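Some structures are shown below for you to check.
One chain, chain A, appears in both complexes that follow, with chain B as partner in the first and chain C in the second.
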Partner chain A sequence: MPIGRLFLRTPKDGRAKLLLNGLLVAAVLVGFVALSVARVEGRYDFTDLWTYRTRLAMGFGMTLAFSVLSMAASLLIGFASATGSRSRILPVRYLCRTYVNVIRGTPLLMQIYLFFYIIGDAWGVEDRLVAGVLILSIFEGAYISEILRGGLDSIEGSQLEIARAVGFTPAQATRLIVLPQLLRRTLPALAGQFASIIKDSSLLSVISIVELTQTIKEVNAATFAFTTDYLFLGVLYFALTFPVSLLSRALEKRFAYEN
Partner chain B sequence: MKRILSIALAALLIASLLSGCAGASKKVLKVGMELAYPPFETKDAAGQPSGVSVDIAKAFAESMGMTAEIQNIAWDGLIPSLQSGKVDLVISSMTITAKREEQVDFSHAYAKAYLALLVGKGSPVKTAADLDADGRVISVKQGSTGDTYARAHFPKATIRAFDSENACVTEVTQGKADAFIYDQLTIYRNSLQFADKTWALFLPGQEAEGWGMAFKTGSGLTAKANAFLATYTADGGFDGLTEKYLKQEKATFDQLGFAFFFANKDGSWPTSGQ
Partner chain C sequence: MRIECRDLNVRFGAQTVLDAVGIDASDFRAVALIGPSGAGKSTLLRVLGGLLAPDAGEVRIDGQRVDFSERALLAHRRGVGFVFQTRGLFPHLTAEQNIALPLVHVHGQSPEQARETAHALLARFSLDQDAHKRPYELSGGQNQRIGIARAIAPRPRLLLLDEPTSALDPELTAEVLDMIHELQADGQRMVIVTHEMGFARRACDQALFLADGRILEAGASADLFSRPRTPQLQGFLRKVLEWVP
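Moving on to the complex of A and B:
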């Protein structure tokens, strides 16, 4: 057997072959980063990070909490806005579409400052954590709204007519016909958006919310171990976002039979 | 038409790259600074680096027969850039501290600054000592000496660190923080800007912060920089910079009795009148 066959996809691949290829790619990438660090800095020093382990763990927990709360809230906001932007009531439709366009058309950094120091201050939202979750959810909600609207638009109207003809109530039609298809069609995009929420939460550090990135910034201000600190930060974020992608992959398979 | 345009663009790009290589006949001194602290490090109306530190960098490079190339680098990236050799030195109003000296070498101080407090008018804080209590909130710029000072001297207060000075000031003007600790020049300016909401409080009994040029540990440039600074001071170089960039500040500081940034021509340092 030529050695090249070891790297080619065939219908009957064993686990060992897949693992080998995966490890190969991982080794090359890690090697590349390690070599780059060695050329620049020439040392790894994780002792400083170990000193700050309690704070890092708290920051990690905060990022996790922010992400989970914002995922739930942004899903609600996104669903409301997606429904609203298909509404027959024009003010509702325009409101939802304006929301989506403005939020998607401006940077998150500017929104954080605007919402926290202007709107938040004007209306008495003093709690940084509440403000942080709200800002992040409003931002991500606009993207989720577009994902869901696309999903809803892709479900043919004739399906609902048929459902009504065979005696489904509107609630039944939504639950049994629309939702399963919507889930299946939007899940990969939604999972990507959930990973974005985790990453975007890092920008909340600019209003001194002590989540993971802010913790690293504070640690870095004391240690100056720039490279190791930020490499480690990347690893921690990946540890949060990668399971989301895996979960999405699994759910995609789970719902595949629906179509 | 489109193809001609793209070929023309590509040719232009290559030409500009080539000329960039050919133009570097004089040796270049790469100087890192964060262009976010006028009038020391900033950009002029045309977007070119400008300020006290820029002029010092140019004069230093010239004294060695080189040309200075200013690189604008975010504060957190300055020391790593030195260590990785991306820049030859840093002049960025950087205070000489023991902690930083573990990472880089410093020249002698070329300027000295003091910290001050911007206090919100709605805050119950009347003296610096009032800040060291539960419920008091202090805003600081991430990694600044004000940050270190606050954590060391006001352990009971909540310290909030920000990337931007403007955020620190806004925290005070909106009553979210009691005070912002930073250098007295910035504090003084902001207290004028927000006179209805804030007032400036100068921290008594502190040691002056000396600002130094920073070099990679073991760099041969450090000794050259010290020799340059001695000559530059004696030749009145800093008086020229004061006249050019800090005329009004000098007048105000003199009036209030605060020590100014630069050494006198004879090398002695001005003292605070307080």
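Moving on to the complex of A and C:
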């Protein structure tokens, strides 16, 4: 067997072959990072991380809390905006569409500064935690709005007519027919957006919210163990986002029949 | 059962879809609503089913005037079954759930009761093996039969069918028409929009001919088919029966 065959996908690949290829890619990536670290004479020092384990755990918990709260709030904002951008009342429609376009068209970092130092300050939102959740939810809500709007557009208008024909009230039609179909169609994309929320929350460190990234920054200022600190930071974020993207993929498979 | 319509008018923008439609059909088993495409057949059926309020005119069913306020229509729709031309089921629900969900939420049955009703109906029409399948897993004919089963599950006094076989191939058409015929034999009163002229003529005792938003002929279907009076119906029948042996 020519050696090249070892790396080609065929209909009946054994586990060993897949594992071999996986390990190969892992070795190259780890090797590249390790080599880079060696070239800049970085050092690995996990003792410092252990010393600051309580603070790290608190930072991790903070990121988790910010993400969960923002997921819930951005879902609400996104749903309101998605419904509003299909509204027959023109000012509502324009407001929602402007919101989506402006938020999606500008960087989160700029929004954080603008909201926190100008809008937040002007209206007395002084609590950083509240401001943080609000800013993140407003940002992610614009993306979720577009996901949900696409989902709503894809539900045939005839579904509402059928719901009326069988005697459902408008509220029942929404609860029993529209929402379940919307959820099935948008869950995979929503899960992807939730992973983004987790990562984007790292930018809140710029307004001194002590979430995971800010914690690592502070720890690093004391330990100078740059390599281990930031590699570990990556591992922690990945530990949060990877399950979400696995979930997203599983849901995509499960609901694929709809289309 | 008696259905009366007086001076029904429906306009979509500048277009008049139903133009002073008058109907008085009584003591019928099944009324076939026939006519060329775009004549307004589906629109008339939607008005009868309380899915569309006419711009003018009135509808009486068994002498009782249909109130087209949104609130009153909820009650009206409860007493009428509606079957759509195609894709009439909820795609996220199984066959059984499609039938049971309105029974629970509209007709006040308990979930167990509704499931039993659904199962009995599916079994009656040899659809029991499809109870837990979703619409995408079923043929067009099965979809339509389940749609019909859902429409009759609450025992409506009137069943309205909007071209229930026009999206099906001949074999599946026959299976759906057989089911509808069986319901007629059971005494289910119905109005059916159809292009199946054999079915309209033999299975329906009355017929209405609608063209350009107007009722041009009405009466016993035997009469309409054997002695069409208007040139429009004569022309229509000549066209649709051209290849019928």
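Operating definition for what follows: the second predicted complex is superposed on the first by the 202 of 259 C-alpha atoms of A that agree within 3 Å, B and C clash if a C-alpha of one lies under 4 Å from a C-alpha of the other, contacts with A are read in each partner's own complex, and residues count from 1 in each chain.
Keep in mind that, in the parts below, a contact is a pair of C-beta atoms (placed from the backbone, for glycine too) under 8 Å apart; a residue touches a chain by one contact, two chains touch by 3 or more.
Since this is a predicted model, take the numbers as computed values, not measurements.
Contacts of A:Leu49 after superposition: neither chain B nor chain C is touched. In the superposition on chain A, contact of A:Val92 is made with neither chain B nor chain C. In the overlay built on the shared chain, the residue A:Gly167 is in contact with chain C alone; chain B does not reach it.
When the two complexes are overlaid on their common chain A, residue A:Leu176 makes contact with chain C while staying clear of chain B.
Once the two complexes are overlaid on the shared chain, A:Ile119 sits clear of chain B and of chain C alike. In the superposed model, A:Glu156 lies in contact with chain C only, and not with chain B. Of the residues of chain A, not a single one touches chain B in one of the two structures and chain C in the other.
Remark: chain B residues 76-77, 79-80, 83-84, 99-100, 103, 139, 142-143, 147, 160-164, 167, 170, 174, 176 touch chain A in the complex. Chain C contributes residues 49, 51, 74, 77-78, 82, 84, 87-92, 101-102, 105-107, 134, 136, 150-151, 154 to its touches with chain A in the complex.
The residues of chain A lying in touch with chain B in their complex are 40-41, 113, 117, 121, 126, 205-208, 214, 217-218, 220-222, 224, 226-227.
Every residue of chain A that touches chain C in the complex is listed here, in rising order: 156, 158-159, 161-169, 172, 176-177, 180-181, 184, 257-258.
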